[in-house]
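Below are two complexes that have chain A in common, paired first with chain B and then with chain C.
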Partner chain A sequence: MDLDFTIVLRYYDALLIGLWTTVQLTMVCIALGCALGFVTALGRTSKNFALRAITGTYVELFRGTPVLIQLFWIFFCLPLILGVELSNFISATIALTLYMGAISSETFRASLKSVGSEQLDACIALGLPRSVQIRNIIMPQAVLRAVPTLLSNCVSLFKESALVSAVGMADLMFVGQNISNNIARPVEVLTVVAIIYFVIAFPITRAVTFVERRMLIRLAI
Partner chain B sequence: MNYTFDFSSIAIGPLLDGLFVTIQLTLAANVIGIVAGFVLALLLMSPFAIVRVPFMLFVEFFRCTPAIIQVVWFFYCVPMLLDVFLDPLMMGILALGLNLTAFNAEAYRASIQGVPREQRDAGIALGLNPLQRIRYIILPTAFRESIPVLLTNGIGIFQQSALVAIVAIQDLMYEGKTLATATYRPIETFTVVALIYFAVSFPVSQVVGLIERRRALAAA
Partner chain C sequence: MVASSPLVKMQSLHKSYGDGAVQVLKGIDIEMKPGERLVVIGPSGGGKSTLLRVMMGLEQIDSGSITFAGQPYVSSASREKKTLIDTEVRRSIGMVFQHYTLFPHLNILQNLVLAPRKVRNEPKASAEARALSLLERFGLAAKARAYPAQLSGGQKQRVAIARALMLDPKLMLFDEVTSALDPELVSEVEHVIMQLADQDMPMMIVTHDMWFAKNIASRVIFCAGGVVVEDGPPEQVLGSPREERTREFIERVFHIKQ
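Up next, the complex of A and B:
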């Protein structure tokens, strides 16, 4: 069969709009998800049993089920339960933020553990209140140590965001599938879409290695 | 909220059929991933760039693109490009299996690098040929070291397998979608489906945690 990749060029603007949606969604969910993840990690290490149980259940549920079903659940069930119509973008943001929060909380939990207990003892000895301990002592170190894994999480989230095409949101994957169905050239269009995803995700995975090797050694933490 | 839950309309039979397909997919993909992943890891460590580079590209491509596009790509493009028409289930197994191979190869690579240098030297001193060194020295240690990551990846592919519902393989997710549309009970159906997925993957992730804790204790 003859392949003609130039045909994809004709649809570059549609693909760019799709990519923009994907990138926007990913960015918003990364920001919200990281914050949620940090709070959840604090909850999971707290002394309060109820807080630990709630955050633990949340994390295990979202890590133990496919993202696709989480998306379906939030797209179809949340509006029924809340009794309000949610836009595609809001539903997708909620679903992917909850997912990102769950995986990032595990990252933060590991990095919180790595902050030495002497430092906490020192905080107590200095009589610092809990909020200052978290904001000025624990958070800066935990966040720095979490950076490489968080970057990997971002790549995962970017890839999982392609699932929103299954619930009809016009992201890169959805636009690509639409074009490929319309012009009956799946090989060219789908390959180009895959390459676009690759071109964005690959440099971030390299950055992970770079951060691990250079930055952390230089900071000696 | 004034919604009345009704779980009675959910037929568990089709869901179990779907779960069976999902488990078949997962197990078959894991067989491919565990075996081919090891071979791929060895190829990735080859001293010849001409061998190493193509396989590195293969791994990076699978790790840096969404699984959904890999599955869709396989379904549309492999029959067109190669002129082979496989049973959809086989196609799903291949797509997920190759994805898992790429991820497992990285896990194996880390643990192969962890095999102490002296052991390899001892193998050479004993006059074992390269194949024997892999078979008797590297494989047993590296495999044992990789088990937690292999299990985590395996359960990851169990979850990713829900994607094949998009290309109409009748797995658990697909049966769930059909049932939700047929009964107009999406909340109940999707909740049950999610719980089924959870009930399978949670115990496995607990086992991984257990192995890791025991190893940490043994190392201490």
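Up next, the complex of A and C:
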């Protein structure tokens, strides 16, 4: 078998455009998903039964079904139910945001729990009002503690985003598949695509260790 | 303030955990005069921490009341009802815990200025100036920008004391503040508390360190099984206790220390 990787270079601009779509989609869904995840985590730890029930159902549904089904459902079923056409990008954003929200809410929930009750005792002993307790003590500690796992969540999302190619969105995976079909060079093209994903995901995975070692140990959080 | 009017007056405090399953305070009546330094000793599990936590308004009580400088601030008619806590009055009281409880994500200076800034809206410059002079006094000026995790236990505990002092408390509560420390770090913390005693800060101290108790107390209370067993001057309670249970306890503690 003759392998010629230089052939892939001819398509680097198409691959870059695909990568840009993947990155954009991932970034938007990380931002929205983290916000959703934090609010969901607050809901899941709330005293209100209805809030706990709603957020709990949402998280369990999204953690307990394949992302591909979620994606298909939002692409094909949601427009039927709502009676409106959704663009590819909007549908993909909704689907991946909901996915990110579900997994990051578990991360935030654990980190909220880990802010010990003695921290709250200290707040009360200092007479800090409830709003200050949340904003200045609980939130920052919970977010800092969540960072390592959150970074892993981001990497998962980045990789899972390749699934949007299955519904015809022109992301890196989709472009790669197309090129590979067109020029009948699956080994070269798909290998390069895999390497591109890896080159982006790997440093973030490493960053997790860095954050744990440097930041969290320094603060002993 | 008239010398006879009490600074703190606890009346018939009852407290249980777990819906009444564990009775921890079974009727505590203590009057503390201004300028008194009360040391509370007693076997572990006897309810000493609970007593201080109740005074700080950290716990619900079943029944009883506490007044501070004549103002009632903790009271409850029955276990079913929520304990009423006057947060304004409570702000006159500072507390230091066994495990430091500094805020790990804030540096030392930030730990000190947070409460004055947020509770009293004190300007940043003035809060920081006060914080730095307190740190200076406690030999911690060099650590102002360090994080709690970078400090020794003794340093952390001194910071915790400084943090409480930032709010100019009229009464300080210390709950076994040296129990978690390595032995060689105990004296630096006790020294700081002695400094406060020299300035006539009223305080209530729970400790197992009999040497410290002897040196700092103006009055000692032996607390066991949720009640005050013996209450008197340090020479009496520590030196020649009247109650059999006190004597046994003191002998045991001193015995372990030797």
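Following the convention adopted for this analysis, the second predicted complex is superposed on the first by the 208 of 221 C-alpha atoms of A that agree within 3 Å, B and C clash if a C-alpha of one lies under 4 Å from a C-alpha of the other, contacts with A are read in each partner's own complex, and residues count from 1 in each chain.
The rule we apply is simple: a residue touches a chain if its C-beta (ideal position, glycine included) is under 8 Å from a C-beta of that chain, and two chains touch if they have at least 3 such contacts.
Since this is a predicted model, take the numbers as computed values, not measurements.
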### Message
Between chain B and chain C, whom does A:Leu9 touch in the aligned arrangement: first, second, both, or neither?
### Response
neither
## Note on the structure
Partner touching more residues of chain A, chain B vs chain C, is chain B
### Message
For A:Arg218, using the defined touch cut-off, is the partner it touches chain B, chain C, both, or neither? Pick first, second, both or neither.
### Response
second
### Message
Taking the superposition on A as described, I'd like to know which of chain B and chain C A:Ser180 touches: first, second, both or neither.
### Response
first
### Query
Between chain B (first) and chain C (second), which, if any, makes contact with A:Asp121: first, second, both or neither?
second
### Message
Quick one: is A:Val132 in contact with chain B, with chain C, with both, or with neither? Answer first, second, both or neither.
### Response
second
### Task
Quick one: classify A:Thr205 as touching chain B (first), chain C (second), both or neither.
first
### Message
Contact-wise, after the overlay, does A:Leu144 reach chain B, chain C, both or neither (first, second, both, neither)?
### Response
second
### Footprint overlap on chain A, comparing chain B with chain C
none
### Complex contact set, residues of chain B against chain A
1-3, 60-61, 63-70, 72-73, 76-77, 80-81, 159-163, 165-166, 173, 176-177, 180, 186-187, 190-191, 193-194, 197-198, 201-202, 205
### Query
Where on chain C is chain A touching in the complex?
53, 56-58, 87, 90-91, 94-95, 97, 99, 101-105, 114-115, 118-119, 147-150, 163-164, 167
## Note on the structure
So, in the complex, the side of chain A touching chain C is made of residues 118-119, 121-122, 124-129, 132, 136-137, 140-141, 144, 217-221
### chain B-touching residues of chain A, taken from the complex the two chains share
1, 60-61, 63-70, 72-73, 76-77, 80-83, 155, 159-163, 165-166, 173, 176-177, 180, 186-187, 190-191, 193-194, 197-198, 201-202, 205
